[in-house]
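Each structure below is given as structure tokens.
In what comes next, subunit A is part of two complexes: it sits with subunit B in the first one and with subunit C in the second one.
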Partner chain A sequence: MTTTPRNVLPKGVSASDFEQALTQIRAIVGAEYVVAEDTALAPYNKIMMAVPDEQHAPSAAVMPDSVEQIQAIMKVLNQHRIPVYPISTGKNLGYGSAAPVERGQLVMDLRRMNRILDVDAELCTALVEPGVTYQQLYDYLQEKKLPLWFSCPAPSVIAGPLGNMVDRGVGYTPYGEHFLFSSGMEVVLADGEVLRTGMGSMPGSNTWQVFKWGYGPTLDGIFTQSNYGIVTKMGMWLMPAPPDYRPFLIQYPEDTDITKIVDALRPLRIAMVIPNAVVIAHTLWEAPCTKVNRADYHPGPGAISDEAVQKIRKDHNLGAWNVYAALYGTPETNAANWKIIEQVAAATGGTLITDSTEQGGRATQYRFDLMKGKPNLGEFDLYNWRGGGGSMWFAPVSQAKGSETLKQMRMAKDILAKYGFDYVGEFIVGWRDMHHVIDLLYDRSDAEQMKKAHACFDELLQSFAREGYGVYRANTAFAEKVAATYGPVKRDVERRLKRALDPNNIIAPGRCGISI
Partner chain B sequence: MQPNKTRILVASLVLGCAQLALAADPPAQERDRTYAKVCGFCHDKGVGPAILGRELPVAYIENVVRHGFRAMPSFRSTEIDNAALASVARWVSQSPATSAASASATAPASPAAPATKAQ
Partner chain C sequence: MDRREFFRRTGGGLLLGAPLAGLPATAAALASPDGATTPVVVVGQADRNGALSLAHRLAAALGNGGRPLPVQARDAAALRRPDQVDALLSLPRGTRVLGVMDDASAVVFLAMAASRGAHLLAHGHHRLATQGATRHACSATACGEALAWHEPALRPTAHVEHFYRATLGEAALGARAPLPAAAGTDEALASFLIRL
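After this line comes the complex of A and B, so read on.
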């Protein structure tokens, strides 16, 4: 290992102490699986947030391959009080990527632990390690010819179920609320103890992946969006591939149509006629994913005009709102439910599109794939809109009520425009809520846009909080500010839990605003 | 760490699968495996720029993969190890000008076609 002087150290840790710890850790995982040179750490410092890279620079990265190695590492970290930031597949793009929440934290990269430990084809469950990607799981199921589907987020080829679930991510099949469809976790605690949640605690139990709750308090939730442990295994439910899958798109011409769309679809979603997470994507989400070139419509600085957006709709056959959903069932049940969909589309003035290759555009294809859990990277087209690799998701939760959505959309659009950014948004319909996901796209190589993007996110956050709207998840640069919007009592309880479970404050201090 | 000791049959099947998954997952020796399993999802689909047939220098490709570039994410050695990176970089660098077209033509079912109208 090279011995160039280190410029990034964990907070409060001396260079010699750190060096000693790294030597101990190398002895545990092998020297090749510990990196601490700037060049080798580069992949852990590529971020999309509107803050300088240095703010999230890691001091080192360690890549263990087993629970036992993690346990041994935790001992060393406690001894030297070194903060560690665990990542699984490390593709939390637009939320912090693979970089630590605070500068100097040591990244624990679990990507090498990529075993698919169990797939039960009868019970439709899986047990996976942190490094398993959705693409890997997809290939595995294909190879074994198992007719099982999972739900995945858009960057599914390179992201993974465990990392996504612990950040409470979402996908697009009927199992789209990923934490809800997880069953059982194994967690290495700060002191090295290994906890299995739910039924997994009981010796000899074979119901870990089928019954989530166990006995006594259900602990799984405290290991999501938190820093109370390092999750090393996760159970998840798989969905039997339906005999008939009918994806569709309904396009609506006006921004204000969102009100009637949501009010018409909500009952169908709650009653599970439409069982999956419906997506209602705005024109400017569809446009980049249909290869519309922004400069053709808006060559100058500032936010794109409403007139230009209208013209894009006309030129490229896009709706103001583009609703994606699907029916999953037998040909008979789907035929019956299809009549309802046709009626709803007709009654609300929407244009129904079912054949993605003929009528729908490029965006439709990747959406139809995502709704059956087929991994792709089609949505990365979003980044060709503004260019420059800047992205921060602003994702407030909304009630699934029409009036609420229009209000949120207008608020967001006005604030974004003030800073020169476009409203690139969609609503992902949960069972009664909606994740209003907005991609704050900006050019990260432009210092001025960086500053504006930061200020814009801040204003979005504060303005929405004043209306009682909180975000479902947030990037690491804003963790503290987002946590503050949820009030003091929750934070106090979180801090007490942190003291109890991790008294040396070594696991990801600052993640979701939790620290001692 | 087998979770279900009672289901011996399934467990052994699963163990076999786990090993298979292990063997199959780390970017393997085949020269274009990494490209097919990672890079191609953007670079063959018109999401990222086409990179085949452009004689891009190996060192440049390796650097972009590790550092990321604008919206392109960085990839860590745990995702694409050094050997796989060297191999895919060489393969991309040496790919003939025609392979860009043939690669997208043989790519698994997807919207390759509209990519052309984009430019």
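After this line comes the complex of A and C, so read on.
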């Protein structure tokens, strides 16, 4: 066993204490499931944060296989006051990946806990562990020939439902607001106690996955985007595969069309004529996924010009805005609703496309697949747009009103251009809100661009906050700054909860800005 | 190991601030933790000329007895399919996999490899140009600090090969002339070396 002096340690923990703790943890999980050498830890390093690796370097990683092992580990960590950073699959790339929020935290990698514990085909529910990936669940449903769908995010092949739900991620089917369609969690608390939320607290209950509220305060929410416990099981609702699925794309030619698009589609979303989240993707979100080479249009430094973007639209038959949504129902209900879609497209000057191979090519196909919960990796082509593969998602929330869209787009575009970055954005229309997801793409092998990307994200965050726009999720590197935009009272309550549930401050201190 | 020590042990030609061209062709070997001979599999992205060209260059540099290693060529679609990536990763423990592909495919490949417990030994980014200078930025985990350099687009040096051989802990490049870069390539690529 190596005796090389460790160069990354948890804050306030001596090397000898840390070694002693690792020895105890090895006895719990087995030596092969505790890694501390540099090359084994390197995959846990940050990738999509525009800061030096050292800031988020883990001290070690442990891979427990059961709730009992986690409970035992928590005792050791409390004894030595070692902070731990739990991850499920660790693949929320643009929001920070697997890297701990603070240097030296011990990564608790739950990938070995990858069991699909239950799928009830009649009630359309599932109970999964943290290491289960969407692809794994998809394969399971296919293998069992169960006509059930789920909602998944864009990196779904490698990401998992539990981690995504805990981070309050979203997807593209009618069940796309993932936390809303969860039902029941199992959580290991900092002191090793195991809490089952909702009906799961009641011995002998068989309603854990069907009724999420239980009795008294509903606790599930405090275990999302937080550090109050380690979620080890999660119930989720599955959607019966509809008899008829009609995905569509509506393309619009002008940037300014976004206002009428949102105002026309909002009523259809609220009334659930369109039951899934409507994605309105800008040209430059579509272009990389349609194999457009940025250098062909903008070989030099700085942000791409409006003229170049217009040429891309023309050359590759892309809209300024590309609206993706779908109808889910019977052939009869979809036929009736389809007439409404046709009328809306015609009235707003959009071009309606239904064949994924006809116009949009790959970008259309991966979108159509995502809207029926079929995992894929089509959106990863975004990482090729700029070269160097850096990406941070900036995702402010707004009302689903057209007047909000152009304002946000112009704000973002101006700030991005100031630092030499392109506006690569999409609006996702929820029931009454919109997530404006902006992918800040930069070259992570270029130190200068890294600095600019960090400064640009910071300015986006502060500028949008001044206008009252908060982000719904954030890159780990900006957790503290994002939390600060939500004001002091909320943060004080979060700290009080932290003191009550984790007095030694050992579960991911700093995650979402929460620490004692 | 810091950057200075890493490159001192690969031949001593590269010290902080010194040009990479100073790397000698007969550098000493960096001790490999499990012996001098390590199985290496090279994966190149078939639908990227620059990636395939660099993969072949590296395969030639890492080959034994003048014979280049075979290159597993896969197109981007295959490199995004979990079953196909799994097949590439289903090799004996200890095998090194050296990949050259676009940034998106590299992120996916490394994410899948990480889920199987692979170690990341080194990674690089390469911005190839048809004219002017081609830029390389490579980082060895053992060294920690990225190393970046430019070289003429039409006269590639063997520094990338040298870097990966050094990371593998093998003798640095001999006198063999480097293979030429892909003609007419203007693209950004990623490379990596992992140990399964």
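Here is the rule we use: the second predicted complex is superposed on the first by the 515 of 516 C-alpha atoms of A that agree within 3 Å, B and C clash if a C-alpha of one lies under 4 Å from a C-alpha of the other, contacts with A are read in each partner's own complex, and residues count from 1 in each chain.
Here, a residue touches a chain if its C-beta (ideal position, glycine included) is under 8 Å from a C-beta of that chain, and two chains touch if they have at least 3 such contacts.
Values in this document were obtained by computation on a predicted structure and should not be read as measured data.
For the composite obtained by superposing both complexes on subunit A, the positions of subunit B and subunit C are in clash.
By the touch criterion defined above, A:D118 reaches subunit B but does not reach subunit C.
Judged by the touch definition given at the top, the superposed model places A:L127 against subunit B, while subunit C stays out of reach.
Ranked by how many residues of subunit A each touches, subunit B and subunit C are led by B. When the two structures are aligned on the shared chain, A:W208 is found in touch with subunit B, with no touch to subunit C. With both structures placed on the common chain, the touch criterion links A:G388 to subunit B and to subunit C. Contact with subunit C, but none with subunit B, is seen for A:D446 once the two complexes are overlaid on the shared chain. Residue contacts after overlaying the shared chain place A:Q365 against subunit B, while subunit C stays out of touching range. By the touch criterion defined above, A:A295 lies against subunit C but remains apart from subunit B after alignment on the C-alpha atoms of chain A. In the superposition on chain A, contact is made by A:Y140 with subunit B only, not with subunit C. In the superposition on chain A, A:P43 makes contact with both subunit B and subunit C. After superposition on chain A, the subunit C segment that clashes with subunit B is 116-124; the remaining candidates among 8-16, 26-34, 116-124 or 170-178 show no clashing C-alpha atoms. Overlap of the subunit B and subunit C contact sets on subunit A: residues 39-40, 42-44, 89-91, 93, 98, 111, 135, 157-158, 293, 376-378, 380-381, 383-384, 387-389, 444-445.
In the complex of the two chains, the subunit C residues touching subunit A come out as 80, 82, 102-108, 110-115, 117-121, 124-125, 127, 137, 141-142, 144, 146, 148, 186-188, 190, 195. Residue ranges of subunit A in contact with subunit B, taken from their complex: 35, 39-40, 42-44, 46, 48, 61, 63, 67, 89-91, 93, 97-98, 109, 111-112, 114-120, 127, 131-132, 135-136, 139-140, 143-144, 157-158, 200, 204, 206, 208-209, 233, 290-291, 293, 357, 361-362, 365-366, 369, 376-378, 380-381, 383-384, 387-389, 391, 444-445. The touching residues of subunit A, counted against subunit C in their complex, run 37-40, 42-44, 47, 53, 89-91, 93, 98, 111, 135, 157-158, 293, 295, 376-378, 380-384, 386-389, 443-446. The touching residues of subunit B, counted against subunit A in their complex, run 1-7, 10-11, 14, 17-18, 20-22, 24-26, 37-38, 41-42, 45-48, 66-79, 110-111, 114-115, 117-118.
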